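Two complexes follow with chain A in common, the first pairing it with chain B and the second with chain C.
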Partner chain A sequence: MPSALRHLLFIMAPLVVVLAVLPGVYQNHLLLFNFVIFLILAQGVNIIYGFTGYLPFGYVGFFGAGAYGFAIMVMHLQAPAVVAVVVAGLVGVALGLLLTPLLRLSGAYFAIANLAASLAVLHLVANPALESITKGPYGVSLTGTFNPNSAYIAALVVLALTLAGVVYLKNSSFGLALQAVREDSVSAAMSGVSVVKMRVIAWLASALVAGLAGGIYAWYVSVFYPDNVFSGDFSIFAIVFALFGGVATITGPIVGVIILYGIYNVIGFTTPQYFQLIYGLLIMGLVLFLPAGLVSLATRRGWHVP
Partner chain B sequence: MLTYALVAGVLFGLYFSLVGIGLNLVFGVMRIVNLAHGDILMLGAFIALGVVTLAGIDPLFAVPLAFIVFLIVGLLLYWVLVPRLQGSVNPEMLSIILFFGLSQVIEAITTIFAGTSERSIQSRLLGTVFTTIQVKWFGGKPGRGGPIQIFGQSFPAPWVIAAGTSLIAIGLVYLYLYRTRLGTLTRAVMSRRDEALATGIDVDRVSAAAFGVGLGLAAVAGVFAPFMFGSVTPAFGADATVTSFAIVVLGSLGNPLGTALGGVVYGVCYMLVQTYLSSWADLLPYVLLILILLLRPSGLLGRQVRVA
Partner chain C sequence: MSPEAKPILNVSKLVKRFGGFYALDGLSFHVAPGEILGLVGPNGSGKTTAINVISGLYAPDGGEVAFDGQQIGGIASHRLVHRGINRTFQVPKPFMSLTVRENIKVALSYGRAMVAPPAINELLEQYRLAEFAERPASELNSAQQKMLDLTRALATRPRLLLLDELAAGLNPAELDWIAGHIKALAASGVAIIVVEHLMGFIEHITDRVIVLNAGKEIFEGKLAAAVKEPQVIEVFLGGEHAA
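After this line comes the complex of A and B, so read on.
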């Protein structure tokens, strides 16, 4: 059996099936939905950070842009939800295209510029001067399309597609080329890899994923404010979840989301500041002692982790 | 109105230079992105609050206190965090995440002890030491500590005091970098870390000193934050970090004195936008930051172009 098929069968399929069955037995559907959203976002970060080395510190910019793309389609064009979600993905891609010049920057410069870009989009959307289009800081209410069950299914579909994308990256020469670019772009270019094109494709794929997730999030919650969907927590959580598990793997981000978001739900809601403390210490410990994530515990022993 | 915007811009700009200069020193010397910079500012503001509420004296006394406390904190923190970080595969990237974790820890601890309410200090308390001295030594009546007149416009006294302190602090940083031995070594490490190491400079000692001074300066800037921004909360740090970055990149990363220029340019732009296009003022730092990074990544005063 080729390894791509094996990964699809033994990682993606069970995860999606379990998440599809769980709403029948577990009552807290919002929690499950959030898990799916973070699984998608963590894999989106994995695509761009894990495979190309660009740290998207303003990743939430695409998510929020997707949510508002969805809202504008529904509010102004009365589009059906599924169409609006597709448009949300395209809005993410469009923002990604707009921000491609940022890929010229490297290291910390890229991360900071990306953060600034996401905040710029937030302040643009939340600007009272644009109230007629985005409802400014007063938030949008999309009761017409409210349908959590369909939104949950849509989220699972996007999760499956995203995981399939990551499986492809992990098993194809394209993914290998991306990792070569990450390690040493000059050498990769010398061996015939089209560096710029590869980076842009990964960047746009990552933006598409976040845009779709944002659109579905808007569909599910249906009432939100700019500060909700542009909250820096989305970027940070997605990055930390992906890193905690281990990037450039399929299972790493999944493990990271399940463990860390699980902890968050146990203690985060009642005492957010204690969660923040534990979370901060965990991040510091991770960087200092386990910079390659949980999966490195296995890879150090020579075990192969997909 | 234009005069007001320009003068207020310069006053704010000088203060913003002080806000950014510590961040720039740390990045320039260690190539470490200190995302906890804004949180150090926040802690500096809390030191000022403590000085006012516990001792009941002029918050200006918090300036040396904040500097010394965070100089020591910086030295300790350096030895705990940085050598391990520098040994990893990609220190520049990981530093972003590491210091983000630190900023979360600081924010959480401050929230646990101080709550999330907004704290402010009465602005007339700042600078009372001057009026006291004036009364004691030269006689005369205690002034009202009212606004200060510049070019026929009146500005709140704390703005002028903060700008003055910032000028002094930037002058001291200049003396440190260009007139002391440690400063020369610091500049050597800044321009080429590996060569500095090869010539026998104790890079760790120099970096630790720069880290301490950087944090100290951030805390000093924080002392004035309640006056310049109206109030502070434990969550104030994150915004302050992004603004500091805009200023530092505007000046040029790795050149602490460029930050002074960057701060003034930023302050004047901010005040002009605030005056004429107020609803778009929030966008300014981010758009400016992106434009500068894309068009002139080396900053206004940068000498060499960074290799992207």
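After this line comes the complex of A and C, so read on.
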């Protein structure tokens, strides 16, 4: 069996099926939905950071732009929710295109510029002068499309597609070339790889994923303020989850979300007073002892981790 | 093919500046299919800069580079790879976290070799990398990384191959071995430019050398003749040694 098919059958399919069945047996629908959103976002970070090395500190910019793309389609054009989600993805891609010059930067410079860009989009959307379009700082209310069950299913579809995309990257010469660009752009060029084209494709794919997730999030919550959907927590969580599990793998970000977001919620429910202390210690431990993520426990032993 | 064949690379009056410093100052030379040309000269004389311009890493500030009859100055590296130019690096830069096999696979997939690309296992065997094929490139020693860099270049089936200090750090047995490979490549029609400090190695493999100083050519011909040239002796050893 080709490894791509194996990855789809034994990683993507079981995960999506379990998440599809869970709402029937577990009551906290919002929590399950948030799990799916973070599974998507962590894989989106995986595409741009794991495969090309760009750390997107402003990743939430695409998510928020997608949420507002969805809201504007629904509020002003009375678009059906599914169409609005697709547009949300395209808004993410459009913002990605606008920000392609950032790819000239590297390392911390890119991360900071990306963070600044996401704040700029937030302040544009939240500008009271744009109230007639975005409702400015007063937030949007999309009661007409409110349908958490459909939004949840849409999120599962996007998760499945995103995972399929990452499976492709993990098993194709395209994904290999992206990793080559990450490792050494000069040697990649001398292997015949168009470095700029590769980076832009990965960047836009990653923006598409976040835009779609943002649109679906807007669909699900239906009432939100700019600060909710542009919250830096989305970027930080998605990045930390992906890193905790291990990037440039299919399973790493999944494991990272399940463990860390699981712990996050358990602590939040049981001992919220110690929440930040415990979470902070966990992340410091990760950076100090497992900089390549949990999967490196296996790869260090020479095991292959998909 | 004989060295007298029509040149595949023609460099004429090439200029490359870094600020006010002229790394290349009107350099002209040519190389033909099947020929091995040596570029020698003291540190900073412009050898690596010349290779960087020809391989598209730097755009020239003046002069012309023609490959296969077409101007290539300023064209992006990956396009030059597709046209049939490739190179190795003085300090090899393999994709460290990818396996040796994956390193070569990238070049095989994206190099658009004009003739059938070589078989990966054959390359691995030829350049003594077979036993490390499934290991990350970071586990290779520096001589092995140089061989991986060379196989990466060869996977794209270059017609012009630029070797930047490939032999540095190899032991005498390895030098003989790699010299044999370079000569065989030339015999198959590849034009090869070798930048090297090891004069014995240069003398052994090249048909002709260009001696550079301060970005200019000061000698062209056989290495054996170059070492008798007062100007060459002067730049290598200092003025008082010149006859």
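Everything below uses one rule, namely that the second predicted complex is superposed on the first by the 301 of 306 C-alpha atoms of A that agree within 3 Å, B and C clash if a C-alpha of one lies under 4 Å from a C-alpha of the other, contacts with A are read in each partner's own complex, and residues count from 1 in each chain.
Everything that follows uses one rule, which is that a residue touches a chain if its C-beta (ideal position, glycine included) is under 8 Å from a C-beta of that chain, and two chains touch if they have at least 3 such contacts.
If you're wondering where the values come from, they're calculated on a predicted model, not measured in any experiment.
Q: Between chain B (first) and chain C (second), which does A:10 come into contact with in this model arrangement: first, second, both, or neither?
A: In the superposed model, A:10 contacts neither chain B nor chain C.
Q: Using the superposition on chain A described above, determine whether A:112 touches chain B (first), chain C (second), both, or neither.
A: First partner only, chain B.
Q: Give one of first, second, both or neither to describe whether A:232 is in contact with chain B, with chain C, with both, or with none.
A: first
Q: With both complexes overlaid on chain A, does A:192 touch chain B (first), chain C (second), both or neither?
A: second
Q: Identify the partner contact of A:124: answer first if only chain B is touched, second if only chain C is, both if each is, neither if none is.
A: In the superposition, A:124 touches chain B alone.
Q: By residue count, is chain A touched more by chain B or by chain C?
A: B
Q: So, A:279: does it touch chain B (first), chain C (second), both, or neither?
A: First partner only, chain B.
Q: So, does A:180 touch the first partner chain B, the second partner chain C, both, or neither?
A: The answer is second: A:180 touches chain C but not chain B.
Q: If you look only at chain B, which of its residues touch chain A in the complex?
A: My answer: residues 27, 31, 33, 81, 84-85, 88-90, 92-98, 100-109, 111-112, 238, 242, 245-246, 249, 253, 279-280, 282-283, 285-287, 289-290, 293-294, 297, 306-308.
Q: Which residues of chain A touch chain B in the complex?
A: 53, 55, 57, 101-102, 104-109, 111-113, 115-117, 119-120, 123-124, 127-129, 232, 236, 239-240, 243, 273-274, 276-277, 279-284, 286-288, 291
Q: Across the complex, what residues on chain A touch chain C?
A: 173, 176-177, 179-180, 183-184, 186-195
Q: For chain C, which residues count as touching chain A in their complex?
A: 55-57, 76-78, 81-82, 86-87, 89, 93-98, 102-103, 105-107, 109-112, 149, 152-153, 155-156
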